[in-house]
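The structure's right below; bear with me while I get my questions together.
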Amino acid sequence: MIDITRPGKNMLSLNSPVMAASGVLGFGDAYRDIINFEVLGALVTNPVTYEPYSPAGGMRVVHLDAGCVVHTGMPNPGLSKVLAKYRDLWTMLPLPVILHLVGTTPEHVRKSASRVEVEDAVNALELGLNDDITPEEAHQLVRAAVERTEKPVMVRLPLQDAYAIADAVVEAGAATLVVAAPPRGTGRDKFSGQLVTGRVYGPLVLPIALRVVERLAQRINIPLIGAGGIHAPQDARDYIEAGAVAVQVDAVTWIHPKMLEIIARDLSGLVVTREVGALPDEWYPGIGETTSKMKREGPPPE
Amino acid sequence: MKDTLAIIERVRRINPQVQHLELAVDESLAKVKPGQSLLVRVAPFSPTPGEENWHPYLREQWWPVGLNNNKVIVERPTGIRYEPGQVINAMGLLGQPLRFRRTLRNVLLLAYNSTPTALLMTIPWLLGNKVAVTLVLVGSATEYGTQHLPPEVEVLRGSPGKEEKTLIWPNQVLTAGWADQVFVVVAADDERLRFQRVLELFQTLRKDVPKNYLFGVFQPMLACGVGACWCCAVTQKESGHKLICQDGPAFDLMTMDFK
Amino acid sequence: MIDITRPGKNMLSLNSPVMAASGVLGFGDAYRDIINFEVLGALVTNPVTYEPYSPAGGMRVVHLDAGCVVHTGMPNPGLSKVLAKYRDLWTMLPLPVILHLVGTTPEHVRKSASRVEVEDAVNALELGLNDDITPEEAHQLVRAAVERTEKPVMVRLPLQDAYAIADAVVEAGAATLVVAAPPRGTGRDKFSGQLVTGRVYGPLVLPIALRVVERLAQRINIPLIGAGGIHAPQDARDYIEAGAVAVQVDAVTWIHPKMLEIIARDLSGLVVTREVGALPDEWYPGIGETTSKMKREGPPPE
Amino acid sequence: MKDTLAIIERVRRINPQVQHLELAVDESLAKVKPGQSLLVRVAPFSPTPGEENWHPYLREQWWPVGLNNNKVIVERPTGIRYEPGQVINAMGLLGQPLRFRRTLRNVLLLAYNSTPTALLMTIPWLLGNKVAVTLVLVGSATEYGTQHLPPEVEVLRGSPGKEEKTLIWPNQVLTAGWADQVFVVVAADDERLRFQRVLELFQTLRKDVPKNYLFGVFQPMLACGVGACWCCAVTQKESGHKLICQDGPAFDLMTMDFK
């Protein structure tokens, strides 16, 4: 069992350190005939707001070289309808359910958290924060959730502002940091000729997010979940090596749904790094200690 | 929905715009009906970082245009090279079959600045059921060669030219009045705007545009294709959000909330 | 002529809005037999420090999917030796020379700026700032340069912190903002099995940096130069449309040196965006007004 | 340095590890000398975003192993598919020719956990000048098949096995003493560490390792390959920084500052 939240009441422990990021598996109904959900650590739901939201207008998916920009807005029927529609499914699923709540306003977050507190089908909240949020706003939103529920409140940080707001979020009582939401970006849609702003997915997100996880792992003392650009088992292992306790896989699931399962199955193995001065063929994965622990207990490596 | 492997068994050049691939597919995919499609990845799958080619990144939507002894025939643009024997990854079936009226005698298929590919699967089905089919090609769709279509299909071409003029074709009022149902595909550049124009046109061509008459067949860029990512959500006037990849591809243009 | 610095004494105007980023063309000696330098706006030199620096140890170049991580350290023989060695070449070059000075310490920056002030072969400074720099530190480094030279002091912002430090940098007297230096990231080298931290290059940097330029262009009133992930003429045009007056091209030059020249030749054309409500085929590039101006004078588009 | 197009005229499988490509090249590249190489991009060039395949992203360093009537023969790993007639983009020539001693009788080529590819261009040149060549293969290099090399080349193989033991080959002291010059290639995983081990070995094999005797042929991943990016900078004990792509690929291991 892998503890993905800080110790305490309602602490969340998973069978597998691998889950799909919010927005990837829908509300648990999609992909059920393709992916074996039992090998996953948890279901993170699509983003939900207290009130219903309409889809964004214009082009939604822009193809890029080895990646894409996705602009959806936040279409969802609102918390009550989502719970009414999916509660029974979630209860039947063989894994914990983490509800992704978009951090709209403190008032809505408070109401949503109170609602979720009495909802047995939901095991934890994951709070999504707006890009360019200030540490104070982030603190306020996290407090709003933490004050109204005893369930763990995980917080997904925007990549751009992860360093700036991490401490405020931890201080406000976050149970886990998810690092990070996909970076926002602007790409030109070749069909319409328009510039479209949305979230950026692709393998090149990995190095950027991985470094943020590496560095936050040095200074944050609650569990981190690594997310961004994972396309293969080794990518997921890289996050564990960098100090994450678990990972969230995103766009590769759309491309190869089975890859999510392959990554989940793979990550039961150990991950080790080459010792200083050792040649690569004197070292191989599967032997020795995992470094995530060493790293977090030892001095910063650089 | 199934994630399967398929084999390209035959590649045929049809006209300067498109080629046809005959695919040996999993039997679940051979049950494809007009309106349904496949989500395909051509690059070989690899679980090792750096080994898979992410060009292109997302899956492509491939449209069947016919069946041949359980082989699915799909229509793809020319200019991409496919090899007989090539193994591809095909997920399907995407979306819902088109809902034809029970008492159907005349169907109008309209392609507006897009190849009619996504509509062609209807043709064998409709002709088999003794329904008359008119295919209207307007805008850049006029360039699409139709020699390979059954001779029973009546083909009408608009005159190519400036955009405003391209929504005109011969006997426009007649064809619109005579059709029991109309299915429309438009260029991917801005489906919403183009479908709005088509709707406006039919509202001038007919006294009233009834429900269950004028359908847009939506083919936006998809991310997941299976109802997970909500990238293809559209708003309907009465029934809230629908997902093109699940509830579509065809929606009654009268029910759409284009804002 | 394109003004790339704010108005004033020694203002820098270029014949072309296209240059290569620091680190891409070396000190002006490489690529001379492959690229026609005359079509470029300026030569931005490789990074220089006041004192000599040795190369970084370990793996330097890590191949990724559609990108790479490059970890060089800051090897250079120090400002005096660089000037001694390249002064004559720079004087002969058919284009202005912008010396990239790494912002090490205020003291070194002061000394370097004084040195460059009396150096006719150098037309402007571009100051490189460390990632994770605070606005105060950035302000101090820029002041250190501005106080000692009347030549324009352009400042290249780190991508991660561009929003946070831009205002401080402008306030300190920067003549131009270059947005942005490549993001830092960590990638696994497949030969050594090691995680390597360095700069990330690849097409997927474009959407991330482009959005930062788009947003900074709304609030900053000195010229912006767009940089990051440009691999084709349209990518460079996207930065102009987003509000940049010029661009810096990076890694594609290593892959296709001629692409730098192609982009430079291409960007003499105009760039327009589709009007709201127009269909794409009612619009085409080369007609109408450039939007960069419209954008910067009108209200924010979203 | 020139940016040119070349044509793959012939593809020959040589052994399970490598294939040889015969390239029709620009005449400037046909002047290649032992030690020099090409920077190649196989994907077709396109100035339109989204059209070029960035897999792989950076150029690859291709090592000539011989000339055949102005055709350059390069050695590439098997498993990549090249087509006769394929046009590729080749920049070159990279680096400096190896500096052989004037009075050269015996040369030792050593490949340590790497195919000897980068050293092989020396063989026709040395044999042509009546210099005896010994090729030592240690570590995973022992797997490299040498049937295609001229019979005059003496091939010595270490025993494959655990890393510490692989820097051993038959008649080690003799071969090291007898050689006038030694050129070494090592695996790309950690050239610095591996060259250090080779240097230490020779320091035990010979009373003194003279200057201009033991050369490492460096082949790191390159970004620019033309002396612009300084990604390949190395530090020398006396003469400061050198760039592998310009001043290399071969450096006297005695002059290197490995820190």
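To keep things simple, chains are lettered A, B, C and D as they appear, and every chain counts its residues starting from 1.
The working rule: contacts are C-beta pairs under 8 Å (C-beta built on N, C-alpha and C of every residue); 3 or more make two chains touch, one makes a residue touch a chain.
The structure displayed is predicted, hence computed values, not measured ones.
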Task: Provide the labels of all chains in contact with chain A and in contact with chain B.
output: C, D
Duplicate of the A-B contact set - from B-C, C-D or A-D, the pair where over half of the pairs recur: C-D
Query: With respect to inter-chain C-beta contacts, which pair, B-C or C-D, contains the greater number?
result: C-D
- line: Here the gap between chain A and chain D, centre to centre from mean Cα coordinates and rounded to Å, is 45
- request: Compute the distance, rounded to whole Å, between the mean C-alpha positions of chain C and chain D.
  value: 35
Message: Averaging over Cα atoms per chain, report the distance between chain B and chain D in Å.
response: 54
- line: Touching two or more other chains in chain C are residues 63-67, 188, 191-193, 202-203, 231, 234, 280
Residue numbers of chain B (touch at least two other chains): 49, 52, 54-55, 187, 189-190
Message: Once you draw an edge for every pair of touching chains, what topology comes out, line, ring, star, complete or other?
response: complete
Task: Please name which positions on chain C make contact with chain B in the complex.
output: 63-66, 188, 190, 277, 279-282
- line: Per the touch rule above, chain C residues touching chain A in the complex are 64-67, 69, 132, 160, 163-164, 183-188, 191-195, 197, 200, 202-208, 210-211, 214, 231, 234, 238, 241-242, 273-274, 280, 283, 302
Message: Applying the document's contact rule, which stretches of chain D touch chain B when the two form their complex?
response: 53-55
Message: Under the definition above, what is the set of chain C residues touching chain D in their complex?
response: 23-26, 29-31, 33-34, 46, 54-55, 57, 59-68, 70, 72, 75-77, 191-193, 201-203, 231-235, 251, 253-259, 262, 266
Task: Please give the residue numbers of chain D that touch chain C in the complex, ascending.
output: 1-3, 41, 45-49, 52, 54-59, 89, 91, 187-190, 192, 220-235, 240-241, 259
